[in-house]
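Next, two complexes with chain A in common: one pairs it with chain B, the other with chain C.
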Partner chain A sequence: MVSGIYFCDIKGRPILSRRYRDDIPLSAIDRFAPLLADLEEESSVIPPCLNHRGIQYLFIEHEDLYVVALSTSLATNAAQVFTFLHKLVEALGDYLKTVEEESVRDNFVIIYELLDEMMDYGIPQITETKMLKQYITQKSFKLIKAVKKVKATARPPTGLTNSVSWRADGITYKKNEAFLDIVESINMVMNQQGQVLRSEIIGQVIVRSRLSGMPDLKLGINDKGIFTRDPETGESQVTAGKKKSSAELEDLKFHQCVRLSKFENEKIITFIPPDGEFELMSYRLTTPVKPLIWCDVNVQVHSKSRIEIHCRAKAQIKKKSVANNVEILIPVPDDADTPSFRYSHGSIKWVPEKNAILWKIRSFYGGKEYSMAAQMGLPSINGVEKPKFKRPVQVKFQIPYFTTSGIQVRYLKINEPKLQYKSYPWVRYITQNGDDYTIRLN
Partner chain B sequence: MSDQRIFAKYKANELRAELQVFDVKKSKTSAHKRKDALRKIIANLTMGNFTEMAFLYPEILKFWKIEDDLEVKRICHEYVRSLGSAKPKNAAEALPYILDDLDSRNEKVQIMALETLVAVPSPRFLEEATKTIISFINRRVIPPTVTKTAIYASEQIDFTENATRSHLLTLLLKFVERENTEPTLQVAALHALHTIHEKNIDLQPLRLPIDVAFKLLDLLPQLNEWDKALTLDSLTTAAVPESHDDAYEMIDIALTQLQHVNTFVALNAFKFIAYLLNYVDHVDENLIKRFSNSIVSLLNKPPEIQFLVLRNVILLLLSRDTPLLQLDVSYFFIEFNDPIYIKDTKLECLYLLANHGNLPRILEELEQYATDIDIQMSRKALRAIGNLAVKLDKESASDCVTVLLDLLEFGVDYVVQEIITVFRNILRKHPDDFTSSVKELVKYNDSVQEPESKNAMIWIITQYSCDIPNYLEVFKVFSSNILEENLEVQYSILTSSVKFFVKDPVPETEEICLQVLKICTEETNNPDLRARAFMYWSLLSMAHSSKNHIISAEAVKSVLDGELPVIELNTKLDPLVLEELELNIGSIASIYLKPVSQIFRSSRTRHLLQSPVLNKDRSNLKILSGSTSTVNLEGFDSLPEMVSHSSSDRSSSTAARKKMMNDYDKPAEKVNQLKGRRKSSVTSPSKISRKPSLLVRKLSMRKPF
Partner chain C sequence: MPPLDKRIKKFIKNSLRVAPRVSNKGELAELRAALVSQYPQTRKDAIKKTIQQMTLSKDVSSLFPDVLKNIATNDVEQKKLVYLYVMNYAETHPELCILAVNTFVTDAQDPNPLIRCMSIRTMSMIRVDKILEYVETPLRRTLQDDNAYVRKTAVICVAKLFQLNKELCIELGVLEDLVSALDDANPMVVANATAALTEINAMDSSVVNLAELINSHVSQFLLALNECTEWARITILGALAEYNARDSLEAQDIIDRVSAHLQHVNPAVVLATIQVVIKNYSRTEQQNPKAFMNRLSSALVSIMSTPPEMQYVALRNIRIILEKYPEVLTKELRIFYVKFNDPLYIKIEKIDILVRLIDSTNFKQCNMLLVELKEYAMEFEPEFVSRAIQGLAQLGIKYSEEKFVAKTLDVLLELLEGHENLKDDCCVAVCDLLRHSVGNDTMANNVCSVLNSWSSVESTLTSDAAKCNYIWLMGQYPDKFTSLESKLEAFVQEFPQEEPLTQTSILMTVVRLHSKLSGNILQNVLELATNSIHELDVRDMAILYWRCLSVSDSEKLIEELCSSVSPRIENTLDQFSADVLEKLLTELSTISSILFKPKSDRNTSYVQRQYVVRGKQMDELKDIAKTEIAKTMNDDVLLDFDDDDDESNPQISGNNNALDDLDELFDFGSVPSNSANVDQGMKNLNIQTQPAKKTSNTQDLLDLF
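Let's look at the complex of A and B:
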């Protein structure tokens, strides 16, 4: 259990604190900044969990802030703490737009209120912003008004103890719409020869619901491997351990609104959505895919004079598809200068602060192949022999109307038993690069 | 109005003046002013300005009467809470007001009052708090939020009388069993029960009746995410299956929660199932697959959570002989943008996962990391390769050695240091297999600089002197400036010079030996070094002087240059510790891989409770793949008491090791335990080094290129 939550500035000094339990000394947080400084001096490895005189400091970094949770017991669930801290920052983000030192200082009253509501005695409570917003209204600067509002709605809505804790009663919209975004991020590591060392697809289904009442939604998706029932599953239900199910299944993660048992038994995704935007589900596939954007990079270093880089980029996607905002970041030595470029498409510039050149192509049609050549000078005097630079080429892209896995929404049924309104589901697909779409240079 | 101004230090007198501002004409603005003053008090308390603010007690009590403004109420309560421990007398004055608030019609005020009661550490407050909590839990008509607060508050108080405590416990248990209440309250009660049992060691561990446990599990779908996780957490060890079927049924219910997006829920479901596996006789392979997949998908979370999951992967890999996880190594390949602590942990996972089959892939990756731009990373990768060579069999080791020799040609300073250091361990594990590489290594004689690599180099030269024709020349590089070396290296030089002489008593070696002994006894001022030199000296003189042949030269040789025991990397943890850690998956303890009991002796440790179906031996779990069983478990079946067997096994092996151990080469580090706050900077699971902490510091020093 968490004993207290603290917001600290970039140096680790506390800005705002909320203690939930009395088992830590008040001065405990003041040790945080020196602890960080000590570690910084000693090594660059600062794990998100520190221990000092029996007090555990668990923290996450966000913008120029450290959000720190203190606890005294090793039995404290770190999963709980980290998940909560992330949720907290997320909720604050909904209130304050940006969560950083300045906005925290400016809005400490509302943050105190939020901290009060989101955690009791170190145990997380309601963290859904939509629910919180019902009785903590944002009037970040006009504090007095905010207080009055609180008074008027002093009774927490019944939703807090309801089973549907993520949605309030009585939401109405003129036009009832639900937007479904299917976003697939590709993580891929390749070597210079075009061999794929690792690839995975991380998919997210993001729903933005603008629906009245308490709608019940049913989502149908085409994927065979995931959603059709294994014929054997029906019978072999003797014991849990023995149950059979297809392999891809376990990679699914659902929002808390999805009825997991219904999915488990019937493979149907049904849910009462929270109001507004949320991630309905995420999935992961490890089926090997070929690189969507492939770059053949060739680097020649003529020591003490210049470096030559040739890059051929190819969009290995359907002819009809197009990759937007393609960015190829090619590393160059940090002492290279005087760049000169030759290229057929897009724009190239040298980004000295990243020690790289950046090739941007606004739209890259399927099957097309573009190339570029760059030449940069290297200093003729070279003091010490430097170790080879080993940074990979990083690629960014977005491909709309396309999913790599082939997942498709068959239907999205919206049913509100009381209101029976007409509703409009919208679906969009997009494939983009993940955090790690890189080509290693030898 | 800016909040910034509120966060400034004030004197009590200034604020007192502001609090008394009262202007009949501008009643509204003056009210704002007073409220601002109140806010300033709280801001000052946050900043630690206690002594000044404590003077304002009487003023605050006046404000208590203001009924209609929640913020003022909140501030008053906050004030008493912060100063309660420092000024119990003043807090007592506030007590009647707080008790008044308990009967307020506004539930928010009620909650505030109750929280304040619990927060102030004084006997009178405690007494009132206990009374209030019990009456709140008993009453049915009060709002659920208040009941919930009361239940959570019950966890906080230290009971003075056992009678009250057991009364409360029965109340809570009744609450858990109660039908038709809000599920979230039941969970709160369950959690309170759990916590009170954990906190008070004199109580028996919590064990719920099996039907209650099932009822709670059935609640899961109705709960919000945090409550779900709390339920799973509290039920671990509290819900004890009576039969295999019970256990399977529970697993079935919990299995769905593995897919929850909230890591807290998923990880607790994981823990709960892992716990239940102690009560079943076999598991399906698919379950293992699901397990592994659910863990892998958690690796796509923010870095802190990823870190936690990786630490737990290490724990699970260490814990069982038949692992609960089947993971592909590629998930642990390091990404360019990973924070360093994640890279570190991934390296450890790679090391643990390595086996003969996947070694080529892992080596390829490690080789990449070894040429990484980050020095630390590079060194850790090299060390990992070295450790793999020690961990695995001869054939795999030779692959590792090839990679290391390739990298040695790279010639970068720190790479050389690291490789020389790891080579000593490889040579100790496989003494006769890589003699040919020794010559390669000795070429880098001049470039070793760090004490550890010097030590290693000296050891290698000494041990393989017969393969190096000019070994004395090489050795002189070190022995000639022995006085400038640090103590560790001085020891090595001393020992080696004596060894050379014992091995091959010719005038050249005698000269060096005498020279070193002389320097060590006459010119150094470290008593330990001197004592050791004297010891060697007298030993040699006993054997070689003509007068008294007390010991034969042979005996001296066997003492000084005896056969070295084979080293082994011990990556297993104590089974009891593992049991506890496995019941604490996701906790802070799992990050450090340290049992809770080691640090907090007072708190209860989690252990498996008895049941007719409890497996005596955790490695006895059969994994069935669909139709046919592929795992051959005969080995396990023949050993009914695996636990005792393994412990005796261990003790015998350590005894054997002790017997053969020489004092100048320390045995492998026993367990992979993270040391204190420097936990993740420890390079790889188990390494052989004289002083791990020193080594870590060296490794982690930032060096400019």
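Let's look at the complex of A and C:
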């Protein structure tokens, strides 16, 4: 298991550390920076798991930090360590807003405290921020509670070790609401001719729960695999001749609050939500989709003099729909300069630090087609090498009130057995680009 | 700028504050004074400042007595700070902690569970035997605490105590308490108890019988599994993976009970589940393999949308799983296509998986991958490009159909012509393809006509492998090269400066072609190789050749030697040996599974680290620490060495040329008089050029022998 966790700066030098067991020499972490440097010199392939003198260095990068876990045993569960490191950064993010070198230096006390609570003897313990916040309250604690009474000393919440370890007792809201966001991110790679090389839809169901007590929720969606039987009427809702409207979701993943065995046996999604925002489930679909925003990009390089780029963008969505915040990032050679643009809509600028031009269109209505042309100068001197800018065109967009997969929420039933309050579920749909919505240039 | 009311509040607060402030300078004298100040707020600030200095790795141990005075307080936060300080110096100045022992014992009975935990947690980490003597009562009490939070902390303390002082731990009998914690009603306590027992078992397997405990608690584990935190689930799944099901029915039952966790959001839980499922699947009657594979595929695929480090673990594990169950994931090829923003280490692993994944009977799929790999080969990260080119050759050989190989070759030649910097990699790749399609003359013609046109090859090619291959090609198809002799001569001139692979290749080719070359080249090479080369294998080989050539009436032997045809290579993907594979499958998601180094069976020389300090002299303490550290380092180095030497450690390196070279050598070795020498030479060469790689080819060669 983990022998110690270290926060290191961008060069790999330790800033803050917590050692959980003393089976590694104190100086072990000092080898991390030279180790990285040596590797970088050799090649640019640096795996996140290094081995030096029998000590394993597992690390992740976050902002300008390396978060490193050291271990001595090959039997250490690497998957667990990496997930833990990510969770740790996530939890710190909830406390410090941004997790970077400066904020780590400023908040060492709270970080020590969290490290103590989240891991014991190298074994991960509790990482749920909502629970941690109830008894690790460095900053806010002294400000509010000190004024009140001594009575409010921090104690581990009783819920912590219960089977519902993610929700505390006694939460109350005046108005009980649950917000459901269905977010679908499209990853798609196209070539310049408009042929889709691959595409996938990654969907997330994000819940923001503002509900009192210990509510039990039941979610019905129109997935073929998921039985959306209404428990009261006993009727199955999907099979009412509406086969077309049901989607088949693959690779469903659930938040730990979902009763997995119940889903496994009865295909019903039931859960007691944590308070606040969380990702209830995620899914993936590989059904082919046509490009929602299509760009016909044409690049002409006249070496030694100039480069010409023509781009025609089309929103291939329903007339009524609109794509918001569309951004088209077209790569240009890094030695290009003096841009001049012609365009019908939106705004264009040259982003030299990304070696690209960025075309922004605030709202792009379905069926519309816009175009732009850009011309940039190329240096006339070194014309020998071919301009290297083999990067794809990246497209960003958001389309509200629309899901590509056709997933729909049939119902969200909220039941709090003791309080029996009235509650309001809200549902929102949005489709956006994933991190790989690109057009390859030849 | 904060809102006005906040600013007013702050102003009032500041102006009301009487407690003096502590500066940020961190001078010991100032801190000491502040630590004993009459104002609680000042004291608290001072502790914080002290800890700050501690973090900046300044030695503030001299403040220990003063900080300790602040431990008796009702303020939980302040107590935590003091404990933090104490815990830190518990490692370096254990003897100082004696001073705090009374407070620890009192705090272990505090009504607040948080404080009870803190005290027991700290106590069990201090390496002073005097403190360990005090630990008994609090530990026993907290193990039976009403509060599950305290119990889950206490069970881990047993493992800590065991590490510090095994004898004491056994004497106190807390191990029995730990075992009974496996039956605790709270799943988190069960999980931590399991983790603690696993740790103890790793330190000394004679104390508790872990396997038996797991056997008798399987039902508890399965029950607890659905009700605990994600981390506890991983621990419990880990324990379940150790369990051997009694029969196929039980194995099936376990699969059914855990497989819901394949859909857990935490990828580590998913991998742990996969391990349990795979282990038990081999024991069931495997009625519905297709559904099983689908389930497995979809779980593995889902990890591909997690952070890159997790993907890396998954990809390395997929590599292992694929070898056992090649049919898994065949439909999911697209998932492993490289994204332009993947980190480089992911991109390279992905290519490896892609080539392995491909169904060598599915033309459409292979063709798609061919196009994709070509695309990668035109990117600009050198490591990635070179892996993609290697991938192209692997793909061609795997699909094996003549037309397809020819098409792959065309792609490679096209790349070769367009890009100056790809010559090295492409040269190796086309030679691999030619080795696969032995006797295909058109292909050989195509390749040779391109390669032949290069001028000053010895400086165009930079890598050892590429030169070696080029020379091999000249040896195989001497008629297809113009001005062969001057080309070879150029290589021979550089002979002493070349690396061993190229040297070997030059030597072989020259011997092979000696009848076509003017006499002095052969003489020249043999002399160079025997006199000015320190590389043993090259030298030995040269001596052997020389002797062989100078033996009287050896025409037939030389004839055989020069006309030998290397066997066709069928597979360029390396594989694990069966027992390594089985071991790796039981170690999924561990570090050993990422490094492909299974834990060795022999007892992993665990040294019980008796750090416990009995004397109180500083010097003595330092000495103990020094020797301990030195000892640990030694152990580690030894261990490392063993691992590297491991025969089955499959390094990724795709130089098959060495195999062919070996083969030529083999022909030679059939002469009885020299067989002993050759045997030795071959073994050397084998180990030297193919670091512990076991492909079917090597195996064939050895068998032949």
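Rule of thumb we're sticking to: the second predicted complex is superposed on the first by the 394 of 442 C-alpha atoms of A that agree within 3 Å, B and C clash if a C-alpha of one lies under 4 Å from a C-alpha of the other, contacts with A are read in each partner's own complex, and residues count from 1 in each chain.
Just so it is clear, contacts are C-beta pairs under 8 Å (C-beta built on N, C-alpha and C of every residue); 3 or more make two chains touch, one makes a residue touch a chain.
Everything quoted here is computed from the prediction, not taken from an experiment.
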item	value
Touching partner for A:L35 - first (chain B), second (chain C), both, neither	first
Touching partner for A:R440 - first (chain B), second (chain C), both, neither	both
Contacts of A:I55 with chain B and chain C, given as first, second, both or neither	second
Partner chain in contact with A:P25 - chain B first, chain C second, else both or neither	second
Footprint overlap on chain A, where chain B in one structure and chain C in the other make contact	1, 16, 21-22, 26, 43-49, 51, 54, 56, 58, 60, 71, 73-80, 82-86, 108-109, 120-121, 123-127, 150, 154-156, 160-161, 163, 165, 189, 197-198, 202, 250-256, 259-261, 263-264, 279, 282, 284, 286, 388, 390-392, 435-436, 438, 440
Sites on chain A touched by chain C in the complex	1, 15-16, 19, 21-26, 43-49, 51, 53-56, 58, 60, 71-80, 82-86, 108-109, 112-113, 116, 120-121, 123-128, 135, 138, 141-142, 150, 153-156, 160-161, 163, 165, 187, 189, 197-198, 200, 202, 250-256, 259-261, 263-264, 279, 282, 284, 286, 388, 390-392, 435-436, 438, 440
Chain A to chain B touching residues, read off their complex	1, 14, 16-17, 21-22, 26-27, 35, 39, 42-52, 54, 56, 58-60, 71, 73-80, 82-86, 105-109, 120-121, 123-127, 143-144, 147, 150-151, 154-156, 160-161, 163, 165-166, 189, 197-198, 202, 239-245, 247, 249-256, 259-261, 263-264, 279, 281-282, 284, 286, 384, 386-392, 394, 435-436, 438, 440
Chain C - residues contacting chain A, complex	48, 51-52, 55, 74, 76-77, 80-81, 84, 91, 112-114, 117, 121, 127, 147-149, 152-153, 156, 159-160, 163, 186-189, 192, 195-196, 199, 202, 226-231, 234-235, 238, 257, 259-261, 263-268, 271-272, 298-299, 301-302, 305, 307-310, 312-314, 334-335, 337, 339-341, 344-345, 348, 372, 375, 378-381, 383, 587, 589-595, 597, 599, 609, 611, 629, 632-633, 635-637, 639-640
